Each structure stands twice: as C-alpha cells, then as structure tokens.
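So, here's a batch of structures to check.
Two complexes follow with subunit A in common, the first pairing it with subunit B and the second with subunit C.
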Partner chain A sequence: MNATALPLPAPRRDSLGARAVRQFRRDRTGMVALAVVLGYLAAAAGVWFGWWATDWGALTGTKWEPASAAHWFGTNIIGQDIFARAIYSTSVAFEVGLVVALAATALGAALGAAAGYFAGSWLDEVLLWFMGVLEAIPFYLFVAAVAFALQDSPWAMQVGMIATFWIGTARLVRGEVMKLRGIEYVEAARAIGLPSPVIIARHVLPNTTHILLVQASIAFVGAIKTEVILSFLGIGIRDGVSWGLMIEESTKEVLAGFYNNFLAASLLMFGLVMAFNTFADALQDALDPRKVG
Partner chain B sequence: MDAHWPRPPAATRRTVLVLCAALLAAAGCTDPDRPAPAPKAGLRAFRYSMDQAPTSLDPTQAANVYANTVILNVYDTLYAYQYLARPYALKPNLAAGFPDVSADGLTYRIRLKPGVHFIDDPCFPGGRGREVVAEDFVYSLKRQFDPANQPQGAWFWSGRIAGLDEWKAAGANYDQPVEGLRALDRHTLEIRLTRPYPQLVDTLTSGYSAIVPREAAEFYGPRLGVRPVGSGPFRLVSYDTSRVVLDRNPGFRQEPVDLAAEGFNPATQAHTGVAAIAGRSPPFVDRLEIDFIPEASAAWTSFTKGDEIQFTALPVEQADRVLASREPVALLPEYADRFHFAAGSEAGFVFTSFNMDFPEFGYHPDPERQRRNRALRCAIIKAYDWKANNASWYFGLARVFPGIIVPASPEFDPTLDAGSVTRDVEGARRLLADHGWTAENLPVLTVGATAGVTSRLYFEQFRAWLGEIGYPPEKIVRKTYANFGNLSRAWKRSELPLVSKGWGLDYPDAENTLQLFYGPNSSPGSNDANYRNPAYDALYEQTSVMLPSPERTARYRQMNQMVIDDCVAITGLSRTRIYLWHRDVIAVPDREIVGGFWLKFVDLVPQAGAPGG
Partner chain C sequence: MPIAQYALRKLLAGIPLVIGVTLVSFALMVYFGPDRTYELLGKNPTEEQIAEVRSQLGYDRPFAERYAGFLREVVTFDFGYAATGEPVATLLARTVPVSLLLILPGFVLGHLVSLGLALLAAYWRGRVADRLIMALATVGMSVSFVIVMIGFQIVFGSSDWLGWFPVRGWSTDSVGEYLRYIAVPTLATMFVAIGYDTRFYRALVAEEMTRDHVRTARAYGIPEARIFTRNILKNCLIPVITRVMFSIPSVAVGGSLLIESYFGIPGVGRATYEAIITGDQPVLKAVVTLTAILFVLVVILNDILYRVVDPRVSLE
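Let's turn to the complex of A and B:
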C-alpha cells in the first residue's frame, strides 16, 4: 500500500481577540445572556431617543389600577403607569452602570498601571496607602457622606461609587503591569528611550484589556445594584425614577396588597443583573488566555 | 431522606446558651445618659405613637402638635379645653377659675390654684420642687419675647400685652418689670392689654404659655429643651429621636374627674368606657411612652402586633383592608373586635401658599409683572387637582373647601363658591397664554420637601398637574431636606417660593388661620406667604378686638375672599383622621387644637390578676 503524503495546511494564526470572540460565540449561555442584555440596552436606547416611556411622570390613570391593556403593569398610588416607569428606570440603570463602570475602570486602569509600573516607588506607596484608606471606610457610609457633601448634585451617588469601585480594578491592573514591565518588549521600549507614560499607554495597558473588560462588567452590575439600594435608602437618584425608587414606593403598597411596583422593578433588575453576570462570566472565560489557548 | 444537623455535645450547647443570654442582656442595655428603664412588673403603661418627633421640649418651641403633645403633659397651662366637649370649650386648669375681666376688656386678673408644686429637680434648692406662683407665669411669657431663646410663640401676644414688646426692645432683662404683665401676689396675676383680645384665654391653653420655673431655665440653659421641669401630670424619663418616656408625676394635684364638667356625651362616648374615670384623679397610667414612627406602615405593624404601640392613625394604604365602609367610617369585623376607632375632620387644614417675597411669583416692582405673576399663581391654583389629591392621600374622605377659614371654625361659610378648588386645566392654560407666559419664560419653581417616598410622590403629582397646563417639568425642581424641622426653618427664613404645610387650630376661631396672612406676621412669623395687603391687614386689626358676632364673621369672610382673589394660596383641605386604639385602652383620643391635652385622662382596662384588676 502506497502512502501519499499530502501537504498540511498552514496553521491559522488568529489574534487573541479573534479567538476570544470564537470562544464566546461557542458559549450558548453567554450568547443568551448577551441577547438579554442587548434587549435591555434597546429598551434604554428607546428612552434616550424619546421613542417610549417619555410619559413616565404623567398621571395617565387612577390610583392602583390593575394590569390592563392600557397599563401593562398597572398604575401606582398617584396614577402613573408602572410599565413606563420601569422601562424608564432601565435607562437610568444603564446610565448609572455605564458612567460608573467606564469612569471607575478608567481610573482604576490609570492608577493601577502607574502603581504597577513604578512598583516600589513612593508613587506606588502613596497609591497603595490611599486605596487602603478608602477600602477601610464602610462603603454605604462613604457614599452617604459623599451624597451629603454634594447635596444638590445629581451626580453625588455616581461620584461616591466611582470613588470606591476603581480600587479593585487598580489592584488587579497593578499586579498585571508588574508582570508586564519585565517582559522584553517593554524593556526594549524603555531602551530606545520612550517616555514612561507612552510605554504604559501604548505597550502595557493594551495588554490588560482582558482584566479591564471583566472589571468593567463587574462594576456595571455592581453600580446597578448599588443604585437600587441607595435610592431605596433615599440617597440615590434625586429626581426621576429608578428601580430603587420604585421598590421604595412599594414598601407602602405591599402592605396594602398591591405588588405591581415591587414586582416590576425587582424582576427587571433581577433579569438584567442575572444576564449581565452570566455575560460577564462568559466574557471572562473567553478572555482567559489559558482557556482560549 | 431527611437531613439532620448533628446534635452538638451538651457542653457546647451550654456555651451557646450562655453566649445567647449574654447577647440578649447586652441588647437590652440602654445608654446611661438616656436612661429608659424597662417597665416594672405591674406598671400600667400607655404606648402612644406619633409620626414625627418634637425637636425641643422647651415651651418657646411648642410650634407643632408633636412638641405640644409632650409639653402639655410635663408642663401646666393656666387653662385647657374640656376633655370631652365638642365643640371645644375652655376650662380652668392651673387657674382657679375664669379671669375677672375689666369692663373695657383690657385687664385680666387670674387666680392660680395654691399648693401646686413643680416636680423635684436638681435645679431647685435641695432638689425639692417649689410651689408654682404667679411670677412663674410672668417669667414664662417673658421667655417668649427673649430673642436669646429664638422663641416661636411671641406672635400670640405681640403688640397686645402692654409693655411686653418694649421689654424685648430694651434688652429682655428678666429683672425689669413689664407694665402689662404682673404678679399682684403669689397667686394672682394681672394681664393688661393694649387692645381687646377675645382669644387671650384660648392662647393660655397652648404649649407656648406653659409655665417654666426660672430656676430650671437658668440651671439647664439650652438643655431645657431636653430636660423639662414642670408641674404637669407627667415627668420626663427619657427623650430621643425615636421615643419619649414619661412617668406619672406622683405630686400632681388631686382633681377628681367630673364627667359633666368635661363635656361627657353618653350617646356618642359611652362605648369608649370613659365613664370609668369619673371621680378619680388623673393621670391614670403610670407611664406614657410615645414612639415617633415616621413610616405609617411601620406604625401599623407595631400597632397590630398587639403588644407594642396601642394607638395609631390608620395608614391610607390600609384603608381597603381595614374599613368596611368609608361613609360612614366602619371597621371590618376582625378589626372592630380588636380596636376602638374614631373618625373625624381635623380642626385645621393643609394648604400651599406662594411666598409673595419671591419676585418670580409674588410682589414685583414692575406693576405689569406683578399682574402677570398673579395670573401665574391663579393658573397654578387652577391646575391643582384636589380631588385626586384627596383620593391618593386622604382616603377620599377629606373635605376640600375654598379659602382659609376651615370647616372646624364657627365662621366657616359652606356656601362659598368652590371655583378656587375646582380643577380647570383649560382655564389655566388660557390664563397663562393671555398673560404672556410660555414654556420658555415660566420661572423655575423650587418645591421644598422632606426626604421620603410620600413627599416625593406628592411632588411628582404636583409636577404632573403643572405639566398639563404647559409648565415644563424640568422647571419644577424638588429640594429635599433631611427632616421637617430643616424644611420648616427654610420656610421661616423665606428661602422657598412655595410653602406647603398643615395648620392645626390653636383655638376654635377663624382668627387663628386668618393671622397666617396678616402682614406684620411675615417671616419668620406665621405668615410664611409674606402676604401684605393693607386692606386685609386693616380688617384683621378691626376684627382682632371684636367679640364673636355676625359683623365679625362677615369681615372674616371678606378677608377670606381677598386671599382667594389674590391667588395667594392653593387652599384648602381638612383631613379626615381615622384613629384606632386597643380595646383595653379607655380614651377619647384627640390631637386637634392643642394636641396631647387628653393623654392624662387615658386609662387601661384592669387585667385579670393585675393589681386592682
């Protein structure tokens, strides 16, 4: 029997990103979660573009109407449409989540990279001390203090969250950058005289993207949950409506046997948080070089 | 297969039990600086509840029902209202009788009951409470005019008692006499007025007129607000933001209850069991515990548990679960079996006044703009939906009426045109358009509110109504305050363009609400609207010296119409309050007029096996 040797195809040299996308697309649960998140995003986008839920504050019904064709989730004590408020709250959740996730991740990346690149220097020491100080303050007390200090600012809650959420990202990035700064291409960049900020921005930080994406998704979910708690406590959303405020409203209604506000806000929040957590897990798996490789 | 936790060894169980006991004991400990000793066995305690806490127990700060409820139970007043008489009727309290009034109505002589003592307190020599004398009343009223106390009650007597305002202007030296306020001897007091004041005796029932010993005010200084020293039926045990605990004053004077003199009406009040207090001297309970529970749902839960608070107002959200009918109010059998109830219209009202000192809405140097401002206020009044407000927050049972003379006043006019409390969205839009108001030039309207879900929804409702007449929602801004005290201060300092408040009558006379719009009472006085209408003020001054008469009533109504015509306030609504209390409590609760005066008459049905039971 003659054997004929066939030429082997050249191995594909996909980038890490492309392999991560392929890996993610193979994760059915992750894809479903992504679809749910995109559905929520579409609902929020509709609010931003003024397509729906524009009348969230209007009195379109009477007190505590049950679910009906006119009011899918019924109405609250003053006759506002609960569905419109719940959908509007989705946009508020995304606004809070995105602002906090982006700002906290950017801050954490910048400060974590600086601390890691200059590990052992006074800058690293100061940043570590500062992170330790902030972490030592109970979170809700800290946010309440910020909210009190910025009483009339609609951003008080976001500032409070950003001021604490960046720390986890910074610690992880610091560790990663400490590894990266000893690698040859970084040393080469240093050898040709590139300034440190350029090396960090161009050659170090891009290699922490997998950490940043996962941390941003965690911050996003954390911000949404925190907003609900803070709004419920009266130190969150000041003007407007959010799931937290709807749950706060429901504290009176539940005792009267009217659950629509509570169910609408709780279930929508639960759906988004579950979907985003699942999505974040899948993303983490997809970006993990050990699994992708 | 059932799963069981493995049973821990006996020694471990004992350790856990000891730890649990220690934790429980620790949880029961109280701050030694604020002692609130647990009731002793057999102690008869009445546990009352209010939705807010007083910020001070100093009579100079008795500006609301919360403070009055406590102050009237630890201090004495010269007069009081009969416990059971409706309409309200006066009776002597610390005074030995009604005053002797001179023929010109300017001089009042009042005899005090002898032998009444303040409670024992370290502020007195030897810690023994001394006798209450006429000079104590003189001193207490002077305190209301001493700027150092930042008093809130001077408006009752300002410009009316000869020399009192001058005393204040001269530096408020307590050793300086006041011409119109003198102790003739230990038990005789003389008040000389600058002009007749038909409501004078009514004002002597209020917490502002409570009698404070000079020794206590000087000994405690500002701490008098948390260390009251009076001669009332109770004495303070502890006071913080969550509750106040009072114990029976063992030295309180013995005055057996005469039911007829208290206005008892067997037809309407016998079912409360109140006849059982006849011939006995109050107070009847050993301890009065007043819990401050802002959330109505929390108060309701505590009330229905059965072993916590024994009195509460019915929360609006529970109405469908508790009421068998609304008109007339009746409880469902499962509640009627457990609780007494009373339903009635408040002696007061809720209203929102425009602060006329804000040029965006009120007085303006440009007459044309002032005319447009009036149109704007009128449009906002037309946008207000009293019917929806009533349905959302007051069971739909409140009484909506035009103007500021409340239904509980004898001068109320039930035939007055209801146009100012009837919603008219089209009319409001037309008014705005006719006066050149557009979404672009309408001023920003800042609404002050306390933090909390109810006040937020209240605001959203108001904003939505204004939205329907074309007021852009983004121009209606909510400014939150941590508590009612802070919000009230902002109103007093004239910091907000709208003032939304409830006013309970201090006495059953329309003068008490008409003074809310009297020019000289402007901020920080009771005229939060800062309404200054010379014609109104002139009428007020004329009527303030008149005894009740058809002529006075006609002038009152004229003033009422001025407030309506000038669109100064979105008004008004008298709430129907539904109170419930446990069946073992003997009481006819009533927080109207001066609040809290009835608590000394509360008794408890003796329990089997208990002393006296």
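Let's turn to the complex of A and C:
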C-alpha cells in the first residue's frame, strides 16, 4: 500500500450490500418503519422469554371491563385481559411470519434456482408444471385440505402457506438465474469442472439476494395477514390466541357495542403490517437501483 | 396462426395442469382426507357393516383405482350429491350467479378507481398529491380484509352509527334492494383492492414514463395528453390485462369465501366454506376442478388478448 505517497483519497470500493445499507440508512421513513418493527419484535421477544403477557389465558377480571390501570385495554367477554392477549398474539404473529417467510423463501430459492439453471430440461418442466398446479388450486381450499391431511396438526396452516408462498419467489429466482447462467464467470466455473450444485449455491444464488430479501419481507407480511383470515375462518391457529382469533371473538362483541377487543387486535396488527410494508418498500428502493421511485 | 387453432393447442397443453390439480386435490382431500365411514353408520355397527360402508366409499381399493374413479367423475362433470342431498350441479347453478352479482361491481370499480388514482399519482410524481395517494394505498394494503369488513359493517350497517345499509344478508328482489345489500361488501372489497392495485399500476405507469420513446415524443412537442394515452397507457396494457385476468379464477370461485360467509350471502364461496368445515367432498371436488379449468381458460384468453393489444406478440 502506498496510500501515504498519494494524497488522493482511495476510491470507495464497497460491496453492493454496503451500498444498499448506506442507501437504506438515508431513507428516513424506512428507518422509522424499521424502528417500529424492532419495537414489535421486542414485545414478542418478551413473551418468548416469559417476561410479560404470561397470564393471557387467565380469567383476571369480569366480562367487558373498560380500560383501567389493571386492564389497559379492558377485558373480553369471559374476563380475560385484552392487553395481555394482544401482546401474546404479537409473538404468535412473529412466529408464523418468520417460519413461513424463511421456509417459503428458502424453498423458492432452491427450486427456482434449480429450474432456472436447468431451464428447458425435464426438471424445469416438472417444476413449472407443479407451480402451475399449486397456483390453480384455490388457496383457502388448499389450506383446509392440508389441515385435513395433516390430521389437524397445529402446523397445518404454516405448511399450507409455505407450500404456496414459495412459488412467487421461485418464479423470480428462476428468471434471474436464467440470466446469470449465461454470464462468463458462471461459464468459467463450469469450465473448471465445478459440480452444478456448487455453482448454484456458491456463485449463482448469492446474486439473487436482493430478490430473496424482498420476497422474504413480502412473505412475512403475507403470512401475518393470512393467519388473521384463516384463524378468523376457523382453519388457522387452533389453540392459544392470535390476532385473527381475537377479531373472530370480537364479532360477537362489536354488535353489542363493545369495541376494545376488536380495536386492540386490529390496531396492533395494522401497526406491524404498515411498518413492515413501509420497511419492505424502503428495502426494495435500496436494493434495486433500477426501480423508478 | 389462426386464433382458434392456437386456442385449441393451448387447451390441450392445459390438460396436464388440470390432471395435476385433480391429482393433488385427490391426494389431499380424498386419499388423506377425512374418513366418513362412521358418519354414515348407525350406532354400534358390526364388523360387516363397517366393511360394507368402506367398500361403498371405495376405501378398500388401491390409490390408482380410486384416482381413476375420481378422474372419471371430473371428465364427465358428474360430481354427485352434496351432503345436503342436493346435486352438486344444482348447487353450483344456484350459488355461482349470486357470487358473480356480489363480486363483479367491486371488481370492476376497484380496478377502474385504482387505475385512475395510479395515473394521477404518476402524473404528479414526487409531488404532495402523489405522496398522499401512495400513503393511502399503503394504508389500504396494510389493513386486514377482515378488519375492513367488520369496520365497514359497523360504520355503515350498525344503527348506532350511520345505519345506511343492512348489516348482513342478501336479496335480489329489486335493483334497489340488490344495491343496498352489496354496498358494504363492495366498499370493503374496493378499499383493500385499491391499496394493492394502485401501487402496482403506479409503478407500471411511472416506469413507462421514463422510457426513451416518451422522451422522444416529448422532444417532438407532442401534447402531453396524447403522450399519456398513446405512448404510456397503451404500453401499460399488457401487465394490466394480466393482473385483471389472473384475478378472475380466484375471484369467481374462492375470493368471495370470506365475504359470503361473514355477510351470510348464499354464494359459491359460502357453499365452499361450509363444505370445508363439514368435509363435503363432492362440493370441494367440483369447486377445485372448475377453478383449475377456469385457470387454463384464463391463461389462453390472456395470450389472445396480448396478441390483440400488441401486434408484435406472436401466437407461435
């Protein structure tokens, strides 16, 4: 290094990732949204560590108590604390969102990359056919059928979501990999005799990270929103409590003029989804230089 | 290639898809699905009675044979009887029109309003109006459909609030009654759809506006309004068509499931929901198969529309 000999500043040579982080940190809305999401995550982590909301199932009050110091959001129809239930549900939302987002994105990346790398082969054809088949089955019916087939396992909802959410990611990754496989460095890797799985895993897939990050964030929000609908319909979360179950419970209350349960679950859910959507937008802006803002 | 020939070829290519859908749904819903033996038996059945019912239901036969039977029903459109004793064909003929009447106004209006808002936002790109429209769209996208449904029902239906429209139910006795009953579900559908669609359409229009041919047209002094319709809107048509077309199968069959079961509307969505809850397989079978066929038809129609909109697209 002869940095001392040259007074000129060394040209900034940072990776795409570092540039994306810098870009993201300049986005004020995105940073606020990220802070809100982290606040929710802290609330969820507290539940996992057993610091709070442990008495979400206990009958700590009487029917429909208004908000008070003891019950911040009041109590529900059978006298459970709505605040504790809403906070506990936050952790359930994160569990569902994280599991589905990670599994669906990983599956989409692996299958999409395989289809794209071997585009035109029988493997690609079979995968495309399978994606088409899964897309053509109505989603709620599919989840219900998965629930039956898994004999009412508590994971049925998650399995149903993972089994369908990977398709969007796989299609995008497939397209990107088809572009990447013609580039020289991939050809060079093939020429020196690296096996295809190694080329895909080490040289092709890392270049789809921008797609995977955005898709994972979309899947996270999608899973949380879908949980609410499925639980509301009675084919989602089976035991415990979740925002969807709270809203389902509240339909008996709102017509009697008691809104606390409905508002608590709705507002908490809206806050998280809104913050995460905004965060995902900022992420997309930071990662995709071609996107027109 | 003539369009009819093209459509026929595509129709044949759609066969593997329909077969796949029936295979997956057979495996999930019938083979691993709920065992209905004891539902059909009386109290304290004997071994022989159990065996007889099981053989009637086909539980004692191998997978391939049972799947072949399932496929035969699908091909001949003979879906048998729902658990209520009503033929599935009659049930569909009764419920599908209700669903279409319920969903169509919101579907059409939702897309039109979204497209309008997206054009305004893109036209004022970067200004306050754009930011406001996009912020509202993100709000619409972030509220759960369930919440909108319940919230709108309270605000528009409950007598404590506005009380303009019925809380739930369905009537087609007169046009006025029909409009009164679809008002709240339609508003709820539009609210959520506008969130997603406006963002999608704006991204499309905004990207199209930065194209070289648009800049060239502007340099030639072509009026802005004409650039908008000729150079921008026309080029956006293909993704718009795809989005509208591909939402048809789910909207026509499954999309109204939530609204119909919540508002007590006797459409195919509620029938499907009840079939899910009770494990009524003939109904589920029919709904899944028909959606798959609709899906294939939509793909074909979509390709043909591409050809109509963009002469560069070849049907080869």
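To be clear about the criterion, the second predicted complex is superposed on the first by the 278 of 293 C-alpha atoms of A that agree within 3 Å, B and C clash if a C-alpha of one lies under 4 Å from a C-alpha of the other, contacts with A are read in each partner's own complex, and residues count from 1 in each chain.
Convention: a residue touches a chain if its C-beta (ideal position, glycine included) is under 8 Å from a C-beta of that chain, and two chains touch if they have at least 3 such contacts.
All figures in this text were calculated on a predicted structure; none of them were measured in a lab.
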### Message
On the A-aligned overlay, A:Leu255 touches which partner chain: subunit B = first, subunit C = second, or both, or neither?
### Response
both
### Message
Looking only at subunit A, is it subunit B or subunit C that touches more of its residues?
### Response
C
### Which superposed partner A:Asn277 touches (first subunit B, second subunit C, both, neither)
second
### Query
Which holds for A:Tyr40: it touches subunit B only (first), subunit C only (second), both, or neither?
neither
### Partner chain in contact with A:Gly234 - subunit B first, subunit C second, else both or neither
both
### Message
Just checking: does A:Phe24 make contact with subunit B only, subunit C only, both, or neither of them? Give me first, second, both or neither.
### Response
neither
### Query
Which residues form the common part of the subunit A surface touched by subunit B and by subunit C?
234, 251, 255, 257
### Message
Please output the residues of subunit A touching subunit B within their complex, sorted ascending.
### Response
57-59, 62-63, 76-80, 152, 234, 238-239, 245, 248-249, 251-253, 255-258
### subunit B residues touching subunit A - in the complex, by the definition given at the top
295-297, 300-301, 315, 317-318, 320-321, 388, 391-392, 451-454, 456-457, 460-461, 463-465, 467, 473, 477-480
### Task
Mind listing the subunit C positions that touch subunit A in their complex?
16-17, 20-21, 23-25, 27-29, 32-34, 126, 138-139, 141-147, 150-151, 154, 158, 160, 167, 203, 206-207, 209-210, 249-250, 253-254, 257-258, 261-262, 272-273, 276-277, 279, 284, 287-288, 291-292, 295-296
### Query
Inside the complex, what are the residues of subunit A that reach subunit C?
129-130, 132-142, 144-146, 148-149, 225, 228-229, 232-235, 244, 247, 250-251, 254-255, 257, 259, 262, 266, 269-270, 273-274, 277-278, 281, 291-293
